[in-house]
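Below is one structure, written out as structure tokens, with a few remarks after it.
When the chains are written out, they are named A, B, C, D and E in that same order, and each has its own residue count from 1.
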Amino acid sequence: MQVNDTNKEFRPLIVAFCCNWCSYAGADLAGSSRLSYPADVKIIRVPCSCRVNPMFILRAFQRGADGVIIAGCHPGDCHYTSGNYFARRRMTLLFSMLDYLGIERERTRVEWISAAEGAKFSATMNEFAETISRLGENRRLEDLRCKE
Amino acid sequence: MTVNEKELAERVIEISGVNTRKCMKCGKCSGTCPSYDEMEYHPHQFVSMVEKGQIKKLMESKSLWTCLSCFACIERCPRSVEPAKLIEAVRLCVIRQQGANHMKACSVPDSIDENMPQQAIVSAFRKYSK
Amino acid sequence: MQRINDDVLNKCRDLIENGTCDRVLAWEEGEFCYDVTPAVFTGDTLGKMIYDDFCAANQSKYLIDESHKEGRIAALLKPCDTYSFNQLLKENRIKRENVYVLGVPCDGKIDAEKARGLGIKGILGAEIDGDTVAFETIYGKKTCSKKDVLHEKCLSCKGKKHMIFDELTDPEKEPETAVPENGTSRFDGVSKLENMTAEERFRFWRGELSRCIRCNACRNVCPACSCRQCVFDNPASGVSSKANTNDFEENLYHIIRAFHVAGRCTDCGECTRVCPENIPLHLLNRKFIKDINELYGEYQAGYDTALDAPLTSYTKQDAEPGIVHERGVR
Amino acid sequence: MQRIGVFVCWCGSNIAGTVDVEKVASSVAGEPGVVFTTNYQYMCSEGGQGMIRRAIKEHGLTGIVVCSCSPRMHEATFRKTAQAAGLNPYMVEIANIREQCSWIHKDKDEGTEKAVILAKAAIAKLNLNKPLTAGESNVTKRALVIGGGIAGIQTALDIADAGYEVDIVEKSPTIGGRMAQLDKTFPTLDCAACILTPKMVDAAASDKINLYTYSEVEAVSGFVGNFKVKIKKKPRYVNSELCSGCGVCTEKCPSRKAPNEFNMGLNNRGAIYIPFAQAIPNVPVIDPEQCIKLKTGKCGLCEKNCTAKAIDFTQKEEIIEREYGAIVAATGYRPISLENFDEFGYAHNKDVITSLELERLMNAAGPTKGVLLRPSDGEHPHEIVFIQCVGSRDTSGCGKPYCSKICCMYTAKHAMMIRDKYPDTKVHVFYIDVRTPGKNFDEFYRRAVEEYGVDYIKGMVGKVAEKDGKLLVQGSDLISNEQVHIEADLVVLAAAIEPDPSVRNIATMLTASIDTNNFLTEAHPKLRPVESPTAGVFLSGVCQGPKDIPETVAQASAAAAKVIGLLSKDKLTGNPCVAHSDELLCNGCSQCACVCPYGAIDYIDKEVNDHGKREVRRIASVNEAVCQGCGACTVTCPSGAMDLKGFTTRQIMAEVDAICR
Amino acid sequence: MTYSYYPGCTLKTKAKDLDRYARLSAEALGVTLEEIEDWQCCGAVYPMALDEIATKLSAVRALDSAKRSGRDLLTLCSACHHVIKRVNNDMLTNDDIRLKANNYLKLDSVYAGETKVVHYLEMLRDTVGFDKIRAAVKNPLKGRRIAAYYGCLLLRPAGVMQFDNPENPTILEDFIKAIGAEPVITPYRNECCGGYTVLEDKKIAERRSGMVIGSAAAKGADTVITACPLCLYNLEANAHGEGAPVVKYFTELLAEALGVK
């Protein structure tokens, strides 16, 4: 008999959308400073946080992500002047809606991380991965995904 | 600041609705105040003393009873701090205490004359007693 | 019972005869008296036109196509329809010059299904009279309280004032301001859900949305869902799907649909009215409206076309998305 | 189907230490489209690049994925490599397996597993890449400067000096702006006219600079490198070609009721006037509101007295259309109206004046010939009170929330000059803070105190009341904790400054954004301070924020440098990763335009062929030269008509799918 | 035009002139003042503390009474106007005060600041119009030099009172011109007269009012007008000596000019 999978430690799948100008650079800085964070975090580069379509987030959940984080320039510092302000409104409303549908609010997050904040990037990802690990597999969305 | 004083300070902030942190310490309220020379602590000091929680000193001060409620400090403050509301709040902290009315009903007949309008008597009562 | 007010009919006839318009957008009767559908009439067919207390549909969406045809169409718009009309004008979807808006008064519209639920069957006609509704049925006359048979959307009526019109059929009835019928209770349904636990909310929505058969009625009736091609119909979008392959799909569909109309939805309530599965879809839209009102200031789509829409504007002091977390478990 | 090559870099041991590079290469070999995989010690080295070039040719690759360091490091390098081998440079994707993988993970299995996923995501994206070409546009080698103050003049002079044509549009009859009204300048006290007027003359004399005075910008269209501007030239009623500038007309004019703007209304001027002696052009202008001839048809004294026959009452407004490659806004400022500050008695007391009025009273060419006299009775004032921050740092709604920046210094200047010229005069300055950051600024202020004995009082004035010809100033002295009462002869208010109101309209025309205080917004507050977010539009002087003269001139030259850099190009190459609207899907709803920070989206009526149905539709059209590629529009678009090249919705979703697989 | 009229206590006792002449003049100008029933004392000072609800209720009752009659509420005494206007603003903008006040009062329908509070002077300016008054004047007060004294309560805080420019008001000067006299502007027209502190210490009022009167006298005013009984009391008490102006309610001069005194 094979050992049941449940004995294996749960490793969450986390998708991080990072804006090219601040947060992606912040992730690079975390890397060059050797500030580690779990390999569960996979980064997708977007030009600006305002490029993140709610569909991308839902798609990630649909395909099995356990947490989604969007990282952008701090308000006021957007490379495109206003992109993160629009993203902030969109994501606030979307997260509120997900919460309203009963999906754990901790599974989605927005953080403002500048290119100089490598330490913040790493700390944020560690903390987020820990939160998601604690929440465990995305059962609720699993239901939505109609997994067996 | 004693525990009691901290509570008092919070109370003053709460009932006045004033955000003392908006003050930029320009002193225009005190430059404006018509009753400045009657006061021990002046309008700008009310703001900083409430911020520091020094309510008891203010409660014991005669400044409370010489504010004319003319609202000039409120009108001219460039930061919308509203010092007069703080003075009123500290005044209330005093007169809401048992037997701490600044003006007693029995003392009134001496101070009025035949021309004095009701408005003055009612106002003074509202300001000086509970 | 009379199916159209003489004044309204005569007005439409005048508009066609004096050349102002060549068509009228109103309703026509179907098999049953309550089975009414929006329809376009010309001078010859005006006789079939009706407008009575069953005519609930939001007419504004039809004007996207109608206003791009030749000639000018007169449209019978209820007060709530004018919000959608305005919103569509703001989005440049309607050619204003090709529409003659005839504002018709409305006392709320009757949901025959609700009446049947009360045991009023075989309906031949109905008329609102103050706070009651008088039904004529094959079993005789019946009356009931108005609020019991009004459409869901009418229970949170935004008011009886037309936001835009070329002419009112009954100017006497037009109030000076739009006063919501039930004041603040419009968001009660949303608040009730918000006050549940996440688990309860999840069960609630699972129960509701799992009934979705993806008939697209909500989308087809929605004046804000008027894209030339819906992303869900576009294979190139990467999210298109006709039928549900798994339970997630209808969640995705309804969330994205609500998101796409957020800030543009006038809360006309048509989505819920037409849903064959009686899913309370308006609760999704109203959640966005409630959040927008609370976070970014009161905003009513279609009220004033000059105002910035909440999702295409911002302030530097906007709340952070974390506010959703900070509001705590409800 | 793409033919993709995957190149895994070791980066020495930087990557290979934690990531099994061979395993990465072999794991992705079966991915869709992948026809070639390899790994190499240093992909960015000449050897590595050569390997890529050869593989592209040998295997007929249509795109490459390089698994290496951050794209912020070498994306440009590998794009050039691909281009050298005949590929479109945008058929390159980078999987960041160094900064975001090998450097932060210690476990080799973990690192390798993640590297494989990142590579797969890059491959999935690349499968949907399309060759992109950056659009090119021409550059009209001519610049427009809006505003002829010191900022506009300096910008124009620098642009002209680099050999480019430049036009200045100035709404008043002369260039010179606010600086021309000033008497002396801090911190050196040299006379404003002495340093400004030579620049004005230079501008007028330059064959590269063309002045449109008494003119306004009426409409702007086009985009960076290709602006089309309509300029409205108001009628002067004086023929500039014929006029000799003798000034006889201005003396003969019988109308004397108009307040003299240049002297801040402290005296009157005629209906025909030259704003000041050194005005450029030195041609009078007739104020149609005041001119008796233009109003009643009678008079014409100026015409009769003009020997040059330059007066022309038939002049009409003219519209000039010109093309420009770059536009500089230099619209300047004005002092705020003091109607909300009548506790200081400005409305009723002639001897309560603003600092700018004091400049005129101190100026040798001013209404009192430079002798400081009270406006009310022409007497020498013996006690003067200055009040700082009148309307600055005011969040009550009466004034402005910001610091006007220049008042501390000019007040120190005024106080010092008065004490210098009239040592028997007492000078008090009520201040909240004295702000003197700047070279030699604090020293300057301290001189006013220490050498000239100016009385600085920390506190604010609450009331100024007139009594028997004196001004009773009641204020607080916070240091001595007393209310002070000063009987002054003159009170000078340091009124806050605000952007000239013309800026609102100009900002709209330029699609340049303004902040809540009507200052023009810069493209980046630190790194692009002289550019507006709209490409090709630059900012010079106080229109961007309060500034003194040295800062204004510095920014003016910086704006000029940016303009010169732009005009020096023959073609502008855009960023190919720009938004694009699918004309068949577009609803024409305008929502995308609302979120575009660059005004890059226009709406056009275009005939489209929708599956055989031909009709004219209102659709969004992205100006690729203006779009910067943020993608805000793509999310706002409900139909998905708007997409972003290089970061398309499908590409990002493919990455999501690859990661979540 | 008909207004609900709130006279206030002082106008029924010591300031009968203010009231009487206002009524006579209003009638002459075709304005009907309908005194609201059962009004109670406004309390004379506006309670600034956010937790003071009971002391605001009499003002709310008056406001609600006007709302029920469907009319604007007209006030005359500066103190009443100040209190009622500010309480109304609270009812309109402060959710907490509105809720508590309504809970106390249990009115037929919730009162939420619907009534418009109009001062007699605002009525003269905005409804009747000073031009019309000028035309209605039978005995223009030619040659009279009148200083307007605004005091504090009508003007401040301007954000709520919305009466006039708080530092440079013009309404009383325009009024003075309309009745044919010449306005004299004194810098102390909006500075406090000493107010209620007179009950405790007459010296403050002496100094403050003395300054007002002195300044008016120095500028050659023969009369000072006011809309506030307490200001009138303080000013009058300190208007002595040669050349001191007389202090009058503005309504008395209006009645005089309209020929109804």
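In this section, a contact is a pair of C-beta atoms (placed from the backbone, for glycine too) under 8 Å apart; a residue touches a chain by one contact, two chains touch by 3 or more.
Bear in mind that the values here come from a model prediction, so they are computed numbers and not experimental data.
Touching chain A and chain D at once are the following chains: C. Compared with chain A, the chain whose C-alpha mean position is the greatest distance off is E. If you compare B-E with D-E, the chain pair joined by more contacting C-beta pairs is B-E.
In this view the innermost chain, defined by its CA centroid being closest to the centroid of all protein CA atoms, is D.
Work out the mean CA point of chain A and of chain B, and you get 53 Å between them. With centres taken as mean Cα positions, chain D sits 48 Å from chain B.
Taking each chain's centre as the mean of its C-alpha atoms, chain B lies 56 Å from chain C.
Contacts with at least two other chains are made by residues 54-55, 59, 76, 82, 86, 90 of chain A.
Within chain B, the positions touching two or more other chains are listed as 72. Multi-chain contact residues of chain C (touching two or more other chains): 231, 238-239, 311-312. Contact annotation for chain pairs lists A-C, A-D, B-D, B-E, C-D, D-E, with touch applied as defined.
Looking at the complex, you find that chain D touches chain A at residues 70-73, 96, 98-101, 103-107, 110-111, 113-114, 117-118, 121, 513, 521, 523-525, 533, 577, 595, 597, 628-632, 634-636, 644, 647, 649, 652-653, 655-657, 659-661. Listing the residues of chain D that touch chain B in their complex gives 343, 389, 393-399, 430, 432, 458-463, 474-478, 481, 483.
Across the complex, chain B meets chain E through its residues 14-17, 34-35, 38, 65-66, 68-72, 74-75, 84-85, 88-89, 92, 103, 108, 111-112, 115-124, 126-128. Partner chain D is touched in their complex by these residues of chain C: 68, 90-93, 226-231, 234, 236-239, 260-261, 308-309, 311-313. Contact residues on chain A toward chain C in their complex (touch as defined above): 54-55, 58-59, 61-62, 75-76, 82, 85-86, 88-106, 108-110, 140-141, 143-146.
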